[in-house]
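You will see chain A twice below: alongside chain B first, and alongside chain C after that.
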Partner chain A sequence: MLKIIRDKLPELLTAWARGARVLVPRERGGTRVFLPWEGEGELALGQGNTLEPPKDLFFPRTETMYRYQVQGKDASLAEEPAADARQVLVGVRSCDAKSLAIMDDAFLTKGYVDEFYRQRRENTRVIALACTEASPTCFCTAFGIDPGRAEGVDVQMWPVEGGYLLEAVTEAGQELLRQAGDLLAEEGDAQPPAAAVPPLQVDVSGVTEKLQRMFEHPYWTAVSRKCLGCGACTYLCPTCYCFDIQGENQGDSGYKFRCWDSCMFSEYTRMAGGHNPRPSKKERLRNRFLHKLQYFPERYGKFACVGCGRCLDRCPVNVDITRVIREVKEVTL
Partner chain B sequence: MKGIQEQMRARARELLAQGAVQMVIGWEKGTFWYLSPPAFVTDPEDCDRLVWDEFCTNNLAKYLLDYKHTGDRIALFVKGCDARGIVRLLQDNQIDREKVYLIGIKCPGVKDGRQAAALGEARRGEVPLAEKCRYCTHPEPVLYDELLAGDAAAREAAPGEGRFAEVAKVEAMSPDERYAFWTAAYDRCLRCYACRNVCPACNCRECIFDRSQSGWCGKQMQRSENMFFAITRAMHVAGRCIECGECERVCPEGIPIMALNKKIIKDLNELFGEYEAGVDLEKMPPLGQYKLDDPEEFH
Partner chain C sequence: MAEAARVNPLVPQVGRITRIIDETPDVKTFHVTTEAGKPFTPMPGQLAMLSLLDVGEAMFSITSQGLEHLELAIKKVGMLTDALHEAEPGQAVGIRGPYGNGFPVEELKGKDLLFIGGGIGLAPVRSLINYCIEHRQDYGHLWIIYGARSPADLCFKDDLFKNWPQVENCRVDVTVDKGDAEWKGHEGFVPAFVEELHPDPAGKVAITCGPPIMIKFVLQSMEKLGYKDEQIITTLEMRMKCGIGKCGRCNLGSCYVCLDGPVFTLAQLKQLPNEY
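Up next, the complex of A and B:
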């Protein structure tokens, strides 16, 4: 196993930043988010999750899809330049690493490949950082995620006394560690530290089957009463991938863009004629949970929740997905 | 504060059992010791869920809009800011006074849940007052049908100084610095609309930000659209913001929204005379009334 001393980590990031954009948790406005590393400044790897998940780096909040120009009776389209810049994402927790596999299912499988997503995904190397301390809102283990070792990443890091242990998982990961040169030292007998034990536990077994019979259950009225109908939960969720496509027209030219959208908003399901099949927050909140716990498992064989706890942490009214799972399992049909 | 909690439960039980109200809105214990989110009780047997502690932070007034088209009469527990939210909604003719039963609580100020989480339960006594309560001018409800007798006296209204301290900081900036400050803040904005949805002054039946096809504001999360949202929201609550601070509390990105709201309050005070929204039912907001001697010329 290789080790880097803590003070040398910025040098390693700088080495990786030659030829790639390195993104790492840093402080911004009192919170921690993945920000580009430009050779100097403070890192905020800390413990626990960043405020925002890294999904924005693969699926930006807003991205232009193409531009158009109209001249008389002719129209021309211009493709956007490919998003082919290399990215190295450092300090991804196991929950967020798992969320990438979930996003891959949605964007890359079942017969359609989303090129915007694919380009960024293929051009990004992911370096995970194991959790040795859990936040009160963490429950990744409920979904079989190991906070001590992430799946689907290129390099795994562990925090240890004075620095970090590193282990390459893929070919690309080995290449990244080779780039580190003598910043890394061999620590033959070093053992990864014990993984964090998330304090929040919930048993998700059987919840999909129960939900399949609960669409019209009065539970949804009760649980949705306090919901404000804001989109904080969906926008901070690492696995919420809904988007809207709209155009911005300026005279003879314009562009089509896509941007994040949230099933918690009224506009999300409003049809052209004005009808809204999800007219109130009851139907919208129900959809959010059914998507994560029923529809996605039915389609892809896995839950669309990774137990990162961001929704629970930031919900203004404490809508708690673990509590919803427990209550769903308890209600009588 | 046990005394108040017991009275809350007893009164909720009585009102529901008598059929005087169909629902009671208060607070209950949430996932963690530092969370006391809103609770909706319809069964008199279920009233022991209600709690009163230092984390009963949420302003409950806005929820009445969810029931305005029902025949239900609703009892609501009101702190100072909740009651001001009710006044605000009444002044906008959003709710029917007869359909609301207000149970007042003298508020000692609520505590900061996020800092509580960081400190840990062992240091519960050290949790500071929530930012939104630091400059509260009306801890006691300004409107109620009954007032719970408290064993913890409401604290004195906070002194006026400090209320506009954040505004003064931003005003002291150069125009370029100020532009950098607000763009940095609103570049983070996720447009989740938590600030709007929690606000008792935001009560449009349909918000323009839920109508992106109207062309007023694009759905792009980018600086120009985010700033348009920020300014429109702030100007729309001008003269009607009750300073409950809920917008800033619920913002996941920590945008200093109250600095914007308070700047407008400060300007309104200077232009039209001192006014506090949601305090007096009879006193209309400065931008919601017409006067022949309006300081602003109107042709």
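Up next, the complex of A and C:
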């Protein structure tokens, strides 16, 4: 196993930044988010997760799709150039790493490939950082995720006394470690530290099957009563991928972009003419939980939740998906 | 990584409106083509994303097609459709598709088909009617029952009163909720009209589309007449943005209407959440 001492990590990031845009958790306005590494400054690789998941690096919150010109009855359009910049994402926790596999299912399978997502995904290397301490809202193990070793990443990192252990998982990961040169030292007998034990425990077995029989249940009225419909849960969720498509006119030209959308908003499903199949927060909150725990598992064979805890940490009225799972399992039909 | 040959399914082709037909005071049919010819060749019941680039984009059923064009019958209900109704022939549009499953034309072969439409709901059904007429030998008796609010609100009047009645082994019955001084046809709502005509369910498949309230009562009438859920097909309308099963909003349970629909049998719909 290879080791880098803590003080040398910025040098390694700088080496990677020569061929790619390096993104790493850093402090901004009192919160930790993935920000570009430009050769200097503090890193924020301590315990706990970033406020926002790294999904916007694959699926930006707004993204121009094409530009157009309109003149009288004539029009033309030009596609945006491919997003082919290489990215190296450093310090991704196991929960967020798993969210990429979920996004891959949504954007890359079932008949159509989303080109915007595919380009960014293929051009991004992911370096995971194991969790040795959990936050109070963590429950990744409920979904079979190992906080000590991420799936689907190029390099796995573990925090240890004085630095980090690193192990390449893929060919691309090996190449990244080769670029590190003598910043890395062989630590033959080093063992990865023990993984964190998330404090929130919830048993998700059988929840999909139970929910399949609960669409009309009065539980949804009760659980949605306090929801404000603010959408914070969907924006912070690493697996929420809904989007809107909108345009912006500037005189006789303009551009079409897509942006994050939220199933918690009434306009999301409202049709021209006014009909809305999900007219109140009851239907919208129900759809959010059913999507995570029933619809996505039915369609793609896995839960669309990774137990990162961001939604329950940030919900202004304490709607808590782990509590919903427990209550759903106890509800009488 | 850039592979120029890949086609981005979210980016439309630029085409033009070549012809506009006034169907009713609030429905027009638009013929759309591109410089290279027909934008694509849909199957009956499939959908297209049509846009005015500086206004907006929305999903519409494709009501028919020719060798060089697609036809979309569009009711004026919002910002984009208002702007489309103001457009003139020659107007450039964005178009992408085709989307959705379409009607099960293979499974319907050899069957007698009963089409029940209300208002603009005839638009998607018409694509199948015209397909059956083109492939006349593959399908049995065609029976079209259609209604609208008033005589002026009847869509596709040429088809209803001239073209379809001349088709071999095809019957057309039309009703309006309320007639006017010149109307000599039937008056009354579509569901009651269907019961009055009592089409025998034996060997038939019914295809229905119309306003939600009409569909609700038509389904009750069909049940009274002895139609089974597997014998009834409908096509749904939902708000859509991507058309390719990604953007999320048109889901019914784990199905996406843009991809797995818009055509469902009543038996299939009963397995899905009633959220449309």
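Please note the rule applied: the second predicted complex is superposed on the first by the 330 of 333 C-alpha atoms of A that agree within 3 Å, B and C clash if a C-alpha of one lies under 4 Å from a C-alpha of the other, contacts with A are read in each partner's own complex, and residues count from 1 in each chain.
Please note the rule applied: contacts are C-beta pairs under 8 Å (C-beta built on N, C-alpha and C of every residue); 3 or more make two chains touch, one makes a residue touch a chain.
Since this is a predicted model, take the numbers as computed values, not measurements.
Asker: Of the two partner chains, chain B (first) and chain C (second), which one does A:Leu51 touch, if any: first, second, both, or neither?
Answerer: So A:Leu51 only meets chain B here.
Asker: Contact-wise, after the overlay, does A:Gln191 reach chain B, chain C, both or neither (first, second, both, neither)?
Answerer: In the superposition, A:Gln191 touches no partner, neither chain B nor chain C.
Asker: Return first, second, both or neither, reflecting whether A:Gln201 touches chain B, chain C, both chains, or no partner chain.
Answerer: A:Gln201: touches no partner chain.
Asker: Regarding the shared-chain residue A:Tyr68, is it in contact with chain B (first), chain C (second), both, or neither?
Answerer: The answer is second: A:Tyr68 touches chain C but not chain B.
Asker: What's your read, chain B or chain C touching more residues of chain A?
Answerer: When the residues of chain A touched by each partner are counted, C comes out ahead.
Asker: Tell me the contact category for A:His275 with respect to chain B and chain C: first, second, both or neither.
Answerer: The second partner, chain C, only.
Asker: By the touch definition at the top of the document, which applies to A:Cys263: first (chain B), second (chain C), both, or neither?
Answerer: second
Asker: Taking the superposition as given, does A:Phe215 touch the first partner, chain B, the second, chain C, both, or neither?
Answerer: Only chain C is touched by A:Phe215; chain B is not.
Asker: Name the contact category of A:Glu79: first (chain B only), second (chain C only), both, or neither.
Answerer: second
Asker: Across the two complexes, find the residues of chain A that touch chain B and also touch chain C.
Answerer: Correct list for chain A: 244, 261.
Asker: State the interface residues of chain B toward chain A in the complex, per the touch definition above.
Answerer: Counting only chain B, the residues touching chain A are 30-32, 35, 37-40, 58, 62-63, 66, 117, 184-185, 188, 190-194, 196-198, 210-213, 218-222, 246, 249-250, 252-255.
Asker: Where on chain C does chain A make contact in their complex?
Answerer: 1-2, 6, 8-12, 14, 16, 53-58, 77-81, 88, 90-94, 212, 237-239, 241-242, 244-251, 253-254, 259, 273, 275-276
Asker: Any idea which chain A residues touch chain C in the complex?
Answerer: 65-66, 68, 70, 73-77, 79, 82, 84, 106-107, 110-116, 119, 122-123, 215, 241-245, 247, 249, 252, 254, 256, 258, 261, 263, 268-273, 275, 277-278, 283, 287, 290-291, 294-296, 298-299
Asker: List the residues on chain A that touch chain B in their complex, please.
Answerer: Contacts found on chain A: 28-31, 51, 61-62, 136-137, 200, 222, 225-226, 228-232, 234-236, 244, 246, 248, 257, 259-262, 265-267, 281, 312, 314, 316-318, 320, 322-323.
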